[in-house]
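Notes follow once the structure below has been shown.
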Amino acid sequence: MRTLVRSGRVVTAADEFVADVLVEGGRIAAVGVELGVDDATRVIDAEGCYVLPGGVDPHTHTDTPQLGTATCDDFTAASVAAACGGTTTQIDFALQEPGQSLHAAVETWHGKLADAPPVIDVGFHVSVTDLDHAGSPAELGELPGLGVTSFKLFMAYRGSIMVDDATLFRAMQVAARVGALVMVHAENGAAIDVLMRQALAEGRTAPRWHAATRPPATEGEAVNRAIQLAGLAGAPLYVVHVSCREALDPIARARRRGMAVWAETCPQYLLIDRSALDADGLEGAKYVFTPPPREQADRDALWQALATGLLDVVSTDHCPFRLADQKAMGSDDFSKIPNGAPGIEHRLALLHHFGVRGGRLAMSRLVDLLATRPARLFGLYPRKGTLAVGSDADLVVFDPEHRSTISAATQRTGSDYSLFEGIEVEGAPRTVMVRGQLVVEDGELVAEPGHGTFVRRARFGESLPIAAGVA
Amino acid sequence: MRTLVRSGRVVTAADEFVADVLVEGGRIAAVGVELGVDDATRVIDAEGCYVLPGGVDPHTHTDTPQLGTATCDDFTAASVAAACGGTTTQIDFALQEPGQSLHAAVETWHGKLADAPPVIDVGFHVSVTDLDHAGSPAELGELPGLGVTSFKLFMAYRGSIMVDDATLFRAMQVAARVGALVMVHAENGAAIDVLMRQALAEGRTAPRWHAATRPPATEGEAVNRAIQLAGLAGAPLYVVHVSCREALDPIARARRRGMAVWAETCPQYLLIDRSALDADGLEGAKYVFTPPPREQADRDALWQALATGLLDVVSTDHCPFRLADQKAMGSDDFSKIPNGAPGIEHRLALLHHFGVRGGRLAMSRLVDLLATRPARLFGLYPRKGTLAVGSDADLVVFDPEHRSTISAATQRTGSDYSLFEGIEVEGAPRTVMVRGQLVVEDGELVAEPGHGTFVRRARFGESLPIAAGVA
Amino acid sequence: MRTLVRSGRVVTAADEFVADVLVEGGRIAAVGVELGVDDATRVIDAEGCYVLPGGVDPHTHTDTPQLGTATCDDFTAASVAAACGGTTTQIDFALQEPGQSLHAAVETWHGKLADAPPVIDVGFHVSVTDLDHAGSPAELGELPGLGVTSFKLFMAYRGSIMVDDATLFRAMQVAARVGALVMVHAENGAAIDVLMRQALAEGRTAPRWHAATRPPATEGEAVNRAIQLAGLAGAPLYVVHVSCREALDPIARARRRGMAVWAETCPQYLLIDRSALDADGLEGAKYVFTPPPREQADRDALWQALATGLLDVVSTDHCPFRLADQKAMGSDDFSKIPNGAPGIEHRLALLHHFGVRGGRLAMSRLVDLLATRPARLFGLYPRKGTLAVGSDADLVVFDPEHRSTISAATQRTGSDYSLFEGIEVEGAPRTVMVRGQLVVEDGELVAEPGHGTFVRRARFGESLPIAAGVA
Amino acid sequence: MRTLVRSGRVVTAADEFVADVLVEGGRIAAVGVELGVDDATRVIDAEGCYVLPGGVDPHTHTDTPQLGTATCDDFTAASVAAACGGTTTQIDFALQEPGQSLHAAVETWHGKLADAPPVIDVGFHVSVTDLDHAGSPAELGELPGLGVTSFKLFMAYRGSIMVDDATLFRAMQVAARVGALVMVHAENGAAIDVLMRQALAEGRTAPRWHAATRPPATEGEAVNRAIQLAGLAGAPLYVVHVSCREALDPIARARRRGMAVWAETCPQYLLIDRSALDADGLEGAKYVFTPPPREQADRDALWQALATGLLDVVSTDHCPFRLADQKAMGSDDFSKIPNGAPGIEHRLALLHHFGVRGGRLAMSRLVDLLATRPARLFGLYPRKGTLAVGSDADLVVFDPEHRSTISAATQRTGSDYSLFEGIEVEGAPRTVMVRGQLVVEDGELVAEPGHGTFVRRARFGESLPIAAGVA
């Protein structure tokens, strides 16, 4: 079936122009004016709207255990929220449980995907927590062959999933050898652990101590450490959820020296102030995510870094919990509040509203940050992340004038609150297509779970072929 | 007439994919697979070739007086060389003569264009050398209304076209007010003048003293000064022909602070060593251009800056003189050698060969550097600089496997030597089209002078409309 | 005659200890406990007091023409104020008038010294305003032979004493050759001139426009320029009256690279806010000095720079005018207000109070900043600037507990106001000795004009011999 | 007994002058000319010589276990070597054995001192390797009360004495609370451990692999980490044995921000090239110390850092082993070579020869680096480290013209080789005095073991009182 998206304002990471987009066989067949249409062609009118590549969200935690509970979205739920928000590919973290083999971790995630089939396409990173049992490093080296081409390591959460520098460095060496991208959650977990224990020992249990025990220097230090070790190992590095100036500084120094270092931030670091944690009880618990929200000067620095290219990606770190029964676990002790918050659904609307309408980002830069750069860095490009001829027809018709108010009452995630409750934004996805099939129409889900599928990603620096004989 | 460029590998600043490009009415009508073709459509086979946006060279000196002579290409000659090299738009400097009004300077350049009509499109910057007679600043403010939206100032050539900081700063203030981009030739002309006089007084007249009297710190100092003054005036700044690490440093600092500063380098700074000037007599005189060629470490830094985004553009600073009768004027005194060299024809081939084939640049980055970024910075985008639907059909079919040897014997400029004589490069333009008309076929000129036309450029930060009702 | 200063707390740039100081023949003969004393020895009890090297103030403008008037202290007046404030050597600027020979400028200053003999020792810098008439550079090279071993150049005051970069660079070359220190008043005079003309044209004539037309970037730019040119010339550089972060940055970069660059600030930049200029009329005019006072963040940065060694000296830039008839010249036009303010008298008390008592500086660092470092940098050491055996007995008995209030009513300068009116400070000089002779006792002048004498200073990097056969 | 050191050139960290130094009661009584002398006064002629404060070496490892053996000097031996080299105070590391209490570690070191009494004064740091058993942090806080006011932690030697970041950070918190200085051996031990294991697994066992497995980035990373953690804890930090540019960079950034960070280097990093390790077998094993020797560019950077104040101290890291039976333990495996080398004896001669005579350091800067700064940083000042009145009469009469050749054959350490074998140096200590008693005369030891004593040092930032009623 052919579909023509007519007269929209097409935006790529480089260009912006009014044209029709012709979709055929699930891929972009042509972009142009007055493209031929026969009677069998479905026509979608996009006049007055942007036509964007579907978003790629490289940082989500779906159905993932933490502190004895698990994030409250399965892949069906997360992907529906994603789709409604204009994201057509998510990359989730297959988490290695203690003692578990890495293959088993990936298999577990395939099982989750099979059990709760998604409406958008899904890739996996692996979160490495243990390289010490026999065979682990070799196993890690095999994962790219299975399409899992990025390795995440946690420098925080001591006593749980934190790895030491030897594990981090060895994973980097494997990555360098097999063509994988290393991702780090960069916070000095040891110093944070000391500060947390001291705070709790002093009876400082309210949510605000979550931020107070994770000062910016712990993030800046860890970012620098990861960069130095990656440089030594010869591995490309991607720093997740950068939140503060202290973390931007070592990234800027690395870039200036031409090192292979990239980084992302998330909407919550661009928009939420540290003072949100000052609210007592569950209200404050909403904002317990890691790193914590920071100061206005940090947000200014992050916006500037997005504009100037120091940061490459905005992801969501979607990690949803319910307030009522999950966040509430820590009502007497901030260290027992599950860390994370929902976010997969509002990335595009928030970045368009505060970034583009706010005068901080051009539309083509927005597309780069939300789709093209993550697709390139994570081995999905050119199949995903752009509107090039031959690419998957993952696209969003985005109405920049549509006004809506973000609210837990209307969002799709299983979580019962939103970090952005009550914020009115201009711009919303109207139509979303995944590989040529309509998934969202007029803002409503129209696809069945299962349309989405696992994507084997290419190795770092390689392209994901889009079709035999074409590219 | 319709033209279909078939099955080439289309490259934009963001994407690279195999597709047909349909040209109609002088503009890009569509990009896609299996685009409909009727009998009247001319078909150009691009299989195995790149299809690139035509190059934009924002730094050329055509028929321009210097030291009592003038550069040896008129617009017909320069544009033919440009076209054969894959450049479809050049922006030349209308030079204000001492005491001349700025309008008159622009008129003079229009006259040169009329007298020697070009085969590619041509825009003008104005080179401001005097703002002190009544009306000058007001006049300068009027030029953007005539499509001359960038102001060049020389911080070097004391006693000739050098301006003092007051003139520079006032021009920046005007630029900030009317939406123009300020361009600076950044060298401390005063210090250089002292060093030159001292060298000559000591009998140091050989070409090598050209470099010795223009040490890198003179360039680095002036770049920093221009940045500070532009920041104060609120004007966007573009630093031409960056040659060394000392000049990159202040640009990097400015970028890190989010300042509106951009910069270019040229093939000669990427490829030629300072030692080329050690040759005596006319051989050394070939390499007398300004700033002079530098060290290997500088070239490494420049390549890295192109890759990481610290530099935005590669221009040519095409400023051709003949050896035999022009460069020879300074055979006994380096200060009498006209400064400059030919280069407009080999930019794309050199950057493809040493940049892309050399593993330093991706093809899409090459397109960005040679076409999209200069078009955006100089108010030509989206009409020029990309292959977006609706854009002018300025395009190049580039055969990456074609081997050729650069030589004065075969080049089109009126100059009788090449800086790159004897270098064998892989890749050459096969077909070049300007607004849909073939200008070069199989590497040979097929258009008549006069196909090219003056382009009124948009103000800084604004788009150049591509057609009523389209964008 | 022998004098014993008993039981004071002796402070040098390195040490602090309680001891007696024995003075004989105008020099320090010994420092120790229980030094032998005969009946003929005068004993000064310093118990509970500091014994400090007399201050060296390397930045004063005595009886110096400006805007048709002249600073209101002659050498007798300035030196009395200096002595009472604990300064025992001042270095004044012999200003070259337009067209005047440099020798004549120095002779003029010798005349001023003879006409109004000082009570403290006096050295001269030369302020070079013109190197263009025949013989000037050669003449400049001769000045160190006359004990004038530092050359000041103004990068501001366009149309008056500002020099262009060629003159600055040539003076630096001479300095490098003959062993002189180059001093720069670093502000971009051209940009400031443009801003001043524009302000006046818009009727902005109040004192606050003095600051608004001299933004920090004009200072930062000029500092960087001076550093780059000095590096090129191989000359040591000293930046006077640093006022802001923008100026500290290039100094820090230069230091990190090991360049021969030093800098001073003054009490007014450490203590006075830009808002002082907001007062209308004469009140605001008090604060018209150059560079203007800046923001709190600048003051914090300057204090830190004094503590960490980024700044080396605190001078006063004593440049006194009377409000009533001199500052008043600009009551309708800030550009006609003579630039400068009195300050020579309160440097030590202010720095002790706000620096040492304020917890920002150690006493030995204070001595370094006010005496030892300026003596070393300006060729007075070890004769001046320390309490070493053999050094001139220029010393101050300083009572740190004495409280006083700074006021125009009690100060010695001929000026009729103080920048620091009403500030209560802890600590005051009780006794001041110049070459062993008492000049101040119990805070009152006890010497006759003429005790002070001209000091021929050593070339840069050389020591000033303290006595034949001793050092 | 009184001693007069006559007519030497006295050098302090600030001054240099010819004078007599009178010693009485073990302390400096006076410095001056023609000081009164009675018949009972011993007179030492120092004409033509420097009179320097005795050196303070804050980094020695005496009789210290490592890899199943121990350094081969006890306190008698080490102190004799120190004294002969012009060092009058050493600060050694009391090493906490696994599971040992910190008090026991200090007691053990007191025992070593009693068993092998020294000829110079001795202080102790504590090397913390374990804070995890009950009471350790409290115990650590008590050590400053015992005169042990600096805590050393190793970020390298994984599996042995390396601490993790939690232990490091907790020790820093204690230090901040009780007024101790934190010292770090800064190398990323985890990455080094990985590299060492890999090298050995590949059969790379020669000494050169010692350097190859400790690349500069491992040092730079750890320095930055220590700085960030110290800043967070509010503790002052001292980085030991800086060897490379990568380590200087974060120190420079910290200094620029006014952080409480200081650092030392050692003669071996100033003088020995990495290629020394290329020698096979025992010859290469001589140079197995940690960090390893680096490149020429690093040595240039270190010398510059000493001159400009970025580095504050030169220590020796005296850690002597015998080649024949100790270094030989690793003849088949570089990881089994004890790390360290002798050096306590030649610091002053090497720094005078290569630093002062080499034109890189002034004499007063040398005194600062070897005596005054370490005394100040480690709570010995003003009792030690200077020649102030009232200070201990620890002094060195140093003959700058004496030539000697460094050789294992003539040195005093128990080690059987020297890193500096065969180097001819100008300048040697002639007479050394500790608290007024002659320890070395004409280069030969004249004191009995036991003259030296343990020194209780003051807390960080505090002075060590020199005598009741004096200071």
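A few remarks follow.
Letters are used for the chains, namely A, B, C and D, taken in the order the chains are written, and counting of residues starts over at 1 for each.
The rule we apply is simple: contacts are C-beta pairs under 8 Å (C-beta built on N, C-alpha and C of every residue); 3 or more make two chains touch, one makes a residue touch a chain.
As the structure is a computational prediction, the values presented were derived from the model and not from experiment.
The minimum number of touch steps linking chain B to chain D comes to 2. Taking the mean of C-alpha positions as each chain's centre, the chain lying farthest from the centre of chain A is C. Chain centres here are Cα means. That of chain A falls 59 Å from that of chain C. Rounded to a whole number, the gap between the C-alpha centres of chain A and chain B is 40 angstrom. Between chain B and chain C the centroid-to-centroid distance comes to 51 Å (mean Cα coordinates, whole Å). For chain D, the set of residues touching two or more other chains is empty. Chain contacts in this assembly form a single closed ring in which each chain touches exactly two others.
Pairs of chains meeting the touch criterion are A-B, A-D, B-C, C-D.
The part of chain C that touches chain B in the complex is made up of residues 158, 164-166, 168-170, 173, 188, 190-191, 193-194, 215, 217-218, 220-221, 224-225, 228-229, 231-232.
The part of chain B that touches chain A in the complex is made up of residues 9-10, 12-19, 22, 28-36, 252, 255-256, 258, 304, 307-310, 364, 368, 372, 382, 386, 388-391, 466, 470-471.
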